[in-house]
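Here come two complexes built around chain A, the first alongside chain B, the second alongside chain C.
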Partner chain A sequence: MSRRGDWVYENNGGTCVAIAGADYCVVAADTRLSTGYSIYTRDYSKICKLADKCVLASSGFQGDIKALQKNLSARHLIYQHQHNKQMSCPAMAQLLSNTLYYKRFFPYYAFNVLGGLDNEGKGCVFTYDAVGSYERVGYSSQGSGSTLIMPVLDNQLKSPSPLLLPAKDSVTPLSEMEAVDLVKDVFASATERDIYTGDKLEIVIINASGIQHEFMELRKD
Partner chain B sequence: MAKVDADLPLKGGFSFDLCRRNEMLVKKGATLPGFRKTGTTIVGLVFQDGVVLGADTRATEGPIVADKNCEKIHYMAPNIYCCGAGTAADTEAVTDMVSSQLQLHRYATGRESRVVTALTLLKSHLFSYQGYVSAALVLGGVDVTGPHLHTVYPHGSTDTLPFATMGSGSLAAMAVFESKYREGLTREEGISLVAEAICSGIFNDLGSGSNVDVCVITKGKTEYLRNHLLPNPRTYVSSKGYSFVKGHTEVLSTKIIPLTQKEKVEVAAEGDAMEE
Partner chain C sequence: MAQSFEVPNGHSVEEHDLERTLNPYVTGTSVIGLKYKDGIILAADTGGSYGSTLRYKSVERIKPIGKHSLLGASGEISDFQEILKYLDELIIYDNMWDDGNSLGPKEVHNYLNRVMYNRRNKFDPLWNSLVLGGVKNGQKYLGVVNMIGTHFEDDHVATGFGNHLARPILRAEWHADLSFEEAVKLVEKCLLVLLYRDRSAINKFQLAKITEEGTTIYPRYSLKTFWGFSAFQNPTKGAVGSW
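== the complex of A and B ==
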């Protein structure tokens, strides 16, 4: 049996989803924090507001994620001092990628989804791996339930690839209400089959009027 | 004459002949098949008139729920039931096997089965497989000698207890029992305590979930309360629904192969009727 004392990571579970619309962005994550077969707490937010129109949802090792969020918030504050304005979502996306790759050889155990509005006011979603590879997409999911959720989103939202020519819009034609309904249904389904997803769903909606929060109960077993 | 081929060693227990081959295959990069564990909460307690058994209904394959409503309380005899935790195939197979053996024994002796008989059959089988049959059981029943409750571990050891819990949720359930159990509970108190212990496992252990199954065994009567509690309904159903119209899935190519020509076959004049 390997009894290495050097495994410094822990997986706290959970699932994150983001969907980009024509003039809105929906970012959602469950609120369960777990370890192994136990629950630490049923009421933990995995969503962090980085800028006025930019929200980060992360699943993985929450210790690393707290440090990552602190890092990004600090860098954003410096940016605001130097440029006298908030960072745009695409700019924050690049910053996050660079921050993750900076620790390429001792990574943040974080699976991120960044959501917000771009400079034109259109919804944008960026999806990452643990070391900073990222892509702008129309929707994405990360975390323990992502394999259950992604195929359903693919079926319902069918986002065109950003590699297509001529460039097609990656935003979904769904209305804000329909997107929120889809997110709720998809999380309820993932909760049925994934033991690490459940308790409560936190939904953040970013649009021209600002940021709104919504909560929904999920199965607690 | 065909040679009598003994596939299994006559004395029982595993034949480890293929272990070296499996090790070689793993070294070459093959993956051994996994097995489904129940990741469970099972409990039992002795009350005034008999025993009450309880179990959750979630079966997991790693982090995924394979079955949301499986049955973990297995029939052994009309007066004996057994809850199973561990590898689902193992608990199912071992309880089915001992249940058959008990029935044959009932025919041979002309008497009701005793819990200690089931216990001895289970423990000797599990011991001979040296813990490789991963079945952790809570065995309970009422016979002429009175009410009995036992736990059986995968290596073949047993305990006789007034209240017992097994599975990944056993600590959550035992916490409830240790706080609230006392001797001489009534039937309603027994059922309610068992349900509370299973719920503790369902909500606090990620390997357990869904519904509560209960089985009450008393002298002369057994009640199997399948899905006694359903504390986990689905929280949201989309009112919009989903439709999958033709064209929703992109068709890349179509190939139609016509069936070969149909031939008329004349039935021959009545031949011999089929024998037997």
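== the complex of A and C ==
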């Protein structure tokens, strides 16, 4: 007898990273879509631009991810019609949390990092679990390679510890270029040891002048 | 208020307690699709298996959709027939606008993605993996969607065993702007490997192409296979008493 839940999810793999700086935010993800030991395609974007200064990267079950991103995009459009302005990143962060919790008892199998600029133009990163629990942080990684990447970010970003009291903003003091270089390095390393990460790296940089894209080849094995 | 049904043993059962069949019965195996210079080629065998029995040998698993698309399906054949009914309705409604516009492959693929994902959300899936290929306004499009809603587009795609056996060949030998003859040779190479190695494959194929001009579905044909390997001669040589 096949159980109800056996076939409804699959993990399409991949890793996402976001790093917040003083006046920029870097969001990156690999472009591999896989299932089990097979690769579906090497050229699939996990990153979705939700608003002018707000970008979402998600890894997990692609069917749910696409539905989630579509849902948020649609809600943002309605917001723009009603308020005649773009949603701020912290506002989108709350919306994402609520959307995820809405399906608390049949979750979106999506592991998200939301990155962008807050209302003051400072970099912000929000990290989520599958049912909407979230936190504003200075940097984060989610997905199959996150356990390989997170310790390296902790070590290299020189961010103030989130455990300090009084609380200090944990954005990295690194420059935009240094942050992008670090992202490239961590993905190259994660690709070596995580079979679900590889093929190509897509990097999105959000700063005062807008959104730029960068790509880098990764190992295809 | 919960909907009640009467089940064959006379009891009344509420809708949320009903079990739906979640196993496929009559199934089709791999479908392969690739882009070439003038458009898209789709290929599949014409077998319909009932578990390990080869029950139907002339199943058309590739069908034209509207003016601009071809749909190939693997998995449960009856669910494919239902999908064709949905698409038929979609295309008819589109034609009835009579506004000169017609649904292209991107739109049909998007529609199928939504249908498959929403059925999965209701725990009542269409047990298929679909390949949707087409050309509209010179733009070639080739996409896949599976029964839980995972979807993507690429220059070459395959379902089921094709993912394991055909994609590696396509990754090594596909390149942009293949001529029709080169593309057919490449597809046949993949189909042959599947014929040798996929238990549910049969030696009777349906090849279809779609270009800006329209769809062509070729007559069924077979591939030549070779079994004359020395290892297959005298197979019981080393096992006395076997047959």
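By definition in this document, the second predicted complex is superposed on the first by the 207 of 221 C-alpha atoms of A that agree within 3 Å, B and C clash if a C-alpha of one lies under 4 Å from a C-alpha of the other, contacts with A are read in each partner's own complex, and residues count from 1 in each chain.
One rule holds in what follows: contacts are C-beta pairs under 8 Å (C-beta built on N, C-alpha and C of every residue); 3 or more make two chains touch, one makes a residue touch a chain.
Note that the coordinates shown come from a computational prediction; the quantities given were computed from them, not determined experimentally.
Novice: When the two structures are overlaid on chain A, which partner does A:Glu10 contact: first (chain B), second (chain C), both, or neither?
Specialist: A:Glu10 sits against chain C, while chain B stays out of touch.
Novice: With the two complexes superposed on chain A, say which partner A:Phe215 touches: chain B (first), chain C (second), both, or neither.
Specialist: neither
Novice: Now for A:Tyr101: first (chain B), second (chain C), both, or neither, which partner does it touch?
Specialist: A:Tyr101 contacts neither chain B nor chain C.
Novice: Per the contact definition in the header, classify A:Lys66: touching chain B only (first), chain C only (second), both, or neither.
Specialist: In the superposed model, A:Lys66 contacts chain C only, not chain B.
Novice: For A:Asp43, select first, second, both or neither according to whether it touches chain B, chain C, the two together, or no partner.
Specialist: A:Asp43 contacts chain C only, not chain B.
Novice: Once the two structures are superposed, pull the chain A residues common to the chain B and chain C interfaces.
Specialist: In the superposed arrangement, which is not itself an observed complex, chain A uses residues 38-39 for both chain B and chain C.
Novice: With touch defined as at the start, can you tell me which chain A residues reach chain C in the complex?
Specialist: Chain A residues touching chain C: 2, 4, 7-10, 12, 33, 35, 38-41, 43-44, 61-64, 66-67, 106.
Novice: Tell me, which parts of chain A touch chain B in their complex?
Specialist: Per the stated touch rule, the residues are 34, 36-39, 144, 155-156, 178, 181-182, 184-185, 187-188, 191-196, 216-221.
Novice: Using the touch rule from the top, collect the residues of chain B that touch chain A in their complex.
Specialist: The touching residues are 39, 58, 60, 63-65, 68, 168, 202-210, 231-232, 234-240, 242, 248.
Novice: Quick one: in the complex, what on chain C touches chain A?
Specialist: 22-23, 113, 117, 120-121, 123, 125, 144, 147-154, 163-164, 167
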